[in-house]
Each structure stands twice: as structure tokens, then as C-alpha cells.
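Chain naming follows the written order as A, B and C, and within any one chain the residues start at number 1.
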Amino acid sequence: MLIQQLVNGLLLGTTFALIALSFNLVVGALDRLNFALGETAMVSAICGALFMSQLDIPFLLALFAALAVGALVAALTFLLSFRFVSAEYHTAPILSSLGVGLVITSLVTRALGSDQRRVPTVLDVQIEIGPLRIVGDQLIILVVAALMTVLLYVFLNRTSWGTAIRGVSDDPDMSGLLGIPVQRVILLTFVLSGTLAGASGLLTGLSFHTVSPFTGFETTLTALMVIVIGGLGNITGGVIAALMIGVIETLTVAYLSATFRDLIVFVLVGITLLARPQGLFTRDTGVVGRV
Amino acid sequence: MADLTLRALDITKQFQGVTALAEVSLEVERGSIHGIVGPNGAGKTTLLNVMSGFLPPTEGRVELDGRDITRLTPQKRVPLGLTRTFQNLRLFGGLTVRENVLLGQHSHARTGFLSLWPLRTAADKELNREADHALGIFGLTDYRKRRAATLPYGLQKQLEIARAVSAKPMLLLMDEPAAGMTAQERLDLVPRIRALRDEGITVVIVEHDMDVIATVCDVVTVLNFGRKLIEGTPANALASDQVRTAYLGT
Amino acid sequence: MSAYTEAVVIKLGIAILLALGYWITAATGKFSFGHAAFMGIGAYTASILTVNFDWSLETSILVSGLTGAVAGAFVGWISLRLSILYLAIITFAFAEIVKILLESWDYVGGASGLFGMRGTTIPLVAICILVVIVYLFFLTRSRKGLSYEAIREDEQAARACGLGVTRISVEAFAVSAAITGVAGALSAHETLIITPSQFGAPQSLLIILFVVLGGVQYFWGAIVGAVVLTMLPIWFDFLEDYYQITYGLLFVVLMILRPQGIIGRSTERRFNLDSLKRLVPGRSGGGRDG
């Protein structure tokens, strides 16, 4: 049923939106990529899953645990790959964060094995609205994702720390001169991005009822596709692109085939890069050949 | 009909709601030394960036020797005879002084696969000689093997000019050449600019230092708030009431 | 020479080729995050030709170089016009895409890959390395090499000197991809089996590490990096299990302590107004230029 697939697609899109947001925050703040975010999402998800399945901890607490793990890992990544890396070498932080991602994956597989882990169902209900059938877990994903996005928006626009983050994204030198503790604000940005990644990881795990230690790169790849299409650093663009891709992927799998799913997204990215490299939803700010 | 090297016609530049330049027109006569002045934020550097291709204008046209170059990238303007220097110095810091000058010659040199040493032709050898000659003229011969970043500031400014001139331009755009210079260095600047003109290079100088402009320029264009305020000889333009108001605010 | 020693020498040779190939594009200051894709493209091209069409290894290697160059020109042209962030993303994604496509393509065996390639010898690898070194020797002494350095130092200044920055960068990228493709072809005919998973992100990162460890200033630095990193797990075999963790950590430590690599000058102190900028409590990642 088309409506059903659309809804499923949107739901998938919300998990994409969270991870895209997490990447975009860092891109916006530092004009850099934290390549370890995919692994950050993964390790948060695994911790959350462990708490739920091994320790019988209720979902909400496990979710907070995942957010905390994500925040911690992101803060660590900031320290290791960004804070103490010389500003002269533009690619160094990106490379370093890739390294961090590798280390995370290795540590997780070493400590906890390479098996997939089950994420138990949280809300065992089904709601039927006309032709639509929504499962309890889907509702949870939707609510959590929506809540986090709204909270993020409110934080960025209505609080002083949020404004500081936007200031630093816009003009770090000026912000510094105005007395804003730039490094601390950047740390905060990373922490925020880590919590978003953590949420994305656990929610995705909930959606498929499984988490695996090897999803790091795949998550990163998906997030990168989304932010390229939405526009690097463009927060709203990223969300729209995420939902769009969620729907496209779901529809492709439903009506065409699974192999086409990846292909179509790649083609979309290719088109975006050729026709409108600043992103489908970004005004032309001279991205090409950044003068 | 004056022989014009450069014409900027009705240049408008807008950045997301801020109008940096509004319908500015400029004509640079061949062989002249043309100054562009104005208070901070007047749009001088923006105009220079548009003329040199580093910023596309929102509206308007730039013509070099009668030819429309508005949409050309900076690198395509160099072989046509237009080079520039930068206010904040953009040297190749890690490369030697001599290498910086050699790079200035890029548009005249062969850099295809056949340029791989040691297949050096007479033309290549001539270029290398010219580079060494330029180093001599700008007082950089003793420093030619030093990394550009290790040079004292004054010499770095010289190097940037030497590099720009190595491209054998017909027009050189200078962005605040006197910035950061000591009083003595400013005094030395004037004859150097005149020497450029003697070599047949038309010079456009964006500058803050009124003394330099007054001493060396034939024509001065004064900008204020992105518009052309007045234009004329330094004696006329700089002394005018409008300019005084613009700078002093009364 | 024992079979084991021969295998090690060939592995070393291929690592050196990969490092030198990557160095060429790193020399322009452009860092690709998915070079293993070109290695894979070269490996598969050569393998299809030798196994399915009975071509000679030498000719197949040449063709791999060509396909690598074409792929490199394509990816380079799309991404080198844009910022380094886009370059990182596009090359990373390109590698993953190639891997996924290969996994779903039955003609090349899908995830199981191709097998039965043989024929790489030490002389063959040595000749390839020699050709590349001769090229690099001339490159680094020519105006072309100088233009690469200029782009690495300051792109805007390079434009102001009339350098076609994108064109030169794409050219370097294509040559780099070609050499990487050749290395892939040689590797395929040494390991006898190739699967798409061999050409994923870990391989790309390893190639980057060769060059980043050795330093971008001199091309022979890349050789040093390749040798050290290839011999390390052989000299210290307990490292074999911890390979991934070791390089991950190596990247992190290197980027903090010595991002310019082991070989190469330490960072310059600049005697101009720019050094004042560092005194401003700013962010540690000044990616945006004024």
C-alpha cells in the first residue's frame, strides 16, 4: 500500500535526519567532517541494546545511556582529532577522525565480539488508521526523533549557548573577539552532535531490531549522501533531504528491488553534484571553486 | 578617444542583502597610474576583486583592452595581461623566493609533460634568465633560495610585486601595497611604482595612504559606501569637500 | 629466494607503488579518501582481461592504468572543483559505491570475487616502480611539479599567477589513479583472488597512511612510509591482530604530533600579519578563507 510505504519511508528518513543533523552541526561549526560519527552512533546503539537486552533496563533509560555514550565519544573525538590538531593542515582532522572511527570499531569488536545484537521490541502495540498500520516502536522512533529535532532547534535559536554555537559557525574569529569561549562552544557542538548520533544509532537499531558493530561506515556513507544532497552545513536542508531519501529508499525497495535502492541514491547524489553542488536546498553561496 | 586598458562598467556587487558596490564605473587609461581610495568599507577591495576575477559582479561588465572579461576566472585573465597583488600577501610561503617568481611566469612557460627537465628549450632558458633578472631588480637576488615565508615583511611585499610583474602584464592591480610598511618603505614604494609604469605597465592602486596616492597617481577615483564619489587628479579629487565629508563625517 | 620472501618483496613493491601514486595527488594538496576504488578498478580490469580473455599480464596492466586514469579524471573533475570537504566525501562515497556495485555484479563474481590470476613477478613490479620513480624525478624538477606545489601552498595565489588549478589538480589525480590502478592489477595477480571487500575503506586509509607517515614534501618519503608500514606487521607479528587499532591510533597520533609526516620540514613561522591571527582565541580549524 503506497501510503504505508510512504509512512515507513518517512520513519526511515527521521533516523537519517538525526545522523545528518549530527554531521551538519560539525560541518557548520568547523567546516570539517567528523568521520567518526558513524561509529559513534554504532557504539551508542550497542550500549543501548546491551542495557535493554542483558540488563533489562527500560527503553527510556537505555536511550539516555546511548545519548550519553554518544556525547562522550564525540567529546573524545573532538579532543583527539580536532582540538590539538594544527589549524594549518586542513585534512588532518578529517583523517584523524577516520582513524578514531577505526579504533572504535576495533575496540567494540574486541570487547564485545562481532555478533549482531538484538534490540527487543519496546512498545508492543499496533495502531490502525484506515489503510495505515503503525507499530508501537515506529511511534516511539517518530516521537523521539521529532522531540530531539525540536529541542535542537529551540536550543540553537533560543538559548545563549545555542546562539554562541551559531555565532562560532558563522565567524569564529569575531566570536572569539567578542569574548565567546570558542573552544568550549565547539566542544558543546561536538557533544550535541554526539547525542544526535547516539539517538540515530539506537533508533535505527530499534527500527530493525538489531545492531551490529560493523555499521559504522554504512551509517557514515548514508549521512554523507544526505548532507551532500541537502547542502553541507544546511540544517533544514539536511532534514528535508533525509526524509526524501528515506521515502525514496523505501519506495525503491518496495516497488523495484533492493539493489536499485543504493543505485538510485548514488545517482541522486551525482546529479546534485553536477547540477547544484551546493545542495538541492541551499541558495547558491559560491560553493564551486570556493573563492 | 582615450586608449583604455581597463573599463569597469556599472559594477554592482551584492552579498546577501549587503550592497558592497552600486553601479561603479571606472576607466583606466593606458600607461596611467590610477588610484582607488575611500574610507573603510567603501568597496575598494571588492572592486579590485571584481576587476581581477576573484568575485563575480552581481551586475555590470569588466573590459580589458576592449574585450569583455567579466565572466573569466582570475587565471584566465593573467595571459590576457592582468595580474594583481594581495593586501594580506599571498606568497607561496613554503617555496623559495626564486620559485615564487618562476611561478609568476607560468602563463608564459611551457608546463605540459614535455616541460619535464632536462628537455629545456631556449625559451625556457630565457624565462629563467628573466626570472633572475627580476630578482635583481627587486633586490631579492641574495634571498633567492630562501623560503618566502622567512623573508622580512618589506621584502615579501617586493616579492609579490616581482611575481606579479613576471607575468609581463599590461595591467597590474595592487591591493594596498603600502599596508604594513614603514615610513622608509613607503618612500621607496613611489619610485618603484613609477618604474613599473616606465616598463609599460598600467597600474591601478587601491590604497589607504593618501600621501602615496597623492604623490604617485595621475588619476584618483574616490569611493564611498559602494558608490563613486568623485574622480580626477589627486589635487582636485582629494581636496574636494565631498571627500572631506566622507572621511571626516561632517 | 623462498616463496615467502618473494611474496613479501612483491607486497612491499606494490605498497610502494600505491604510496607513490597517492603522493602525486597529495602533492597538489588534495587528499582522496577512497583511492582503493582505483586499485579495485585496476585489479578487476586486469583480472577480467587475463582470466576471461587470455590477454597477457603486461597489456592488461597497461589497460588497468588507463581505466584508472579515466575513472580518476571523472571523479577528479566532479570533486576537485569543490572544497576539500566535498573531495573527502565524494571520494569516500565513490569507493563505497564501487565496492557495492562490484558486490552485486555477477559477471565479476559478486561478493565472492574473481580468482585464478597469477603472474606478478618481482621484475615486473620493479619495472613499474622504476617508471614511476623516473617520472617523479623529472616531475619534481620541472615547472609542472612546481605548479603542483604552488596549488598545495596557496590556491588563490596560484590562480593569481595564471595556473589552471582545477585542470592541473585533475591531471595529477588522474595520473595518481592510473598508477593506483596498475598497483591493483599487480596485486590481483599476486594474491590470486580478489574480492570487493579488499578494496574498501581500510585499504584506502592504509594508502593515505603510507604518504602521511612519510611526508608530502619529498616523494621518497612516501616510499619510506610504505616500507615502514608494510614491514611493521612482519617484524612485529603480534601487530597482525591489532592492525586496525594500530593504524587508527597512528593516524590520531600523527595528526597531533607531526601532520607533515616524519620526513619533511617542521611548520614555518611566518613573519607577517597572518601570524597575529593565531593570537586570537579562534577555532582550531580555520577552513574558511576570507
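Here are a few things to note about the model shown:
Just so it is clear, a contact is a pair of C-beta atoms (placed from the backbone, for glycine too) under 8 Å apart; a residue touches a chain by one contact, two chains touch by 3 or more.
Remember, predicted model here, so these are calculated numbers, not experimental data.
Chains that touch both chain A and chain B: C.
Of all chains shown, C has the CA centroid lying nearest to the centroid of every protein CA atom. Centroid analysis (C-alpha atoms only) places B farthest from chain C.
Contact tally for A-C versus B-C: the pair with more C-beta pairs in contact is A-C.
Put simply, the C-alpha centre of chain A and that of chain B have 46 angstrom between them. Centre-to-centre separation of chain A and chain C, using mean CA positions: 29 Å.
For the pair chain B and chain C, the distance between C-alpha centroids works out to 39 Å. Shown for chain A are the residues in touch with two or more other chains, namely 289, 291. The set of chain C residues that touch two or more partner chains comprises 156, 165. For chain B, the set of residues touching two or more other chains reads 54, 73.
Within the complex formed with chain A, the chain C residues making contact are 31, 33, 78-79, 81-86, 88-90, 92-93, 96-97, 100-101, 104, 156, 165-166, 200-202, 205, 208, 212, 242, 244-245, 247-252, 254-256, 259-260, 267, 277-278, 280-289. Touching chain C in their complex are the following residues of chain B: 52, 54, 73-75, 78-79, 83-84, 86, 88-95, 99, 102-104, 106-107, 109-113, 115-117, 147, 149-153, 156, 163-164, 167, 180. Chain A contributes residues 27, 29-33, 35, 80-96, 98-103, 105-107, 110, 168, 172-173, 176-177, 181-183, 186, 217, 220-221, 224-225, 227-228, 232, 259, 262-263, 266, 269-270, 273-274, 277, 287-291 to its touches with chain C in the complex. By the touch rule above, chain C contacts chain B in their complex via residues 135, 138-139, 141-144, 146-147, 149-150, 153-154, 156-165, 265, 268-274, 290.
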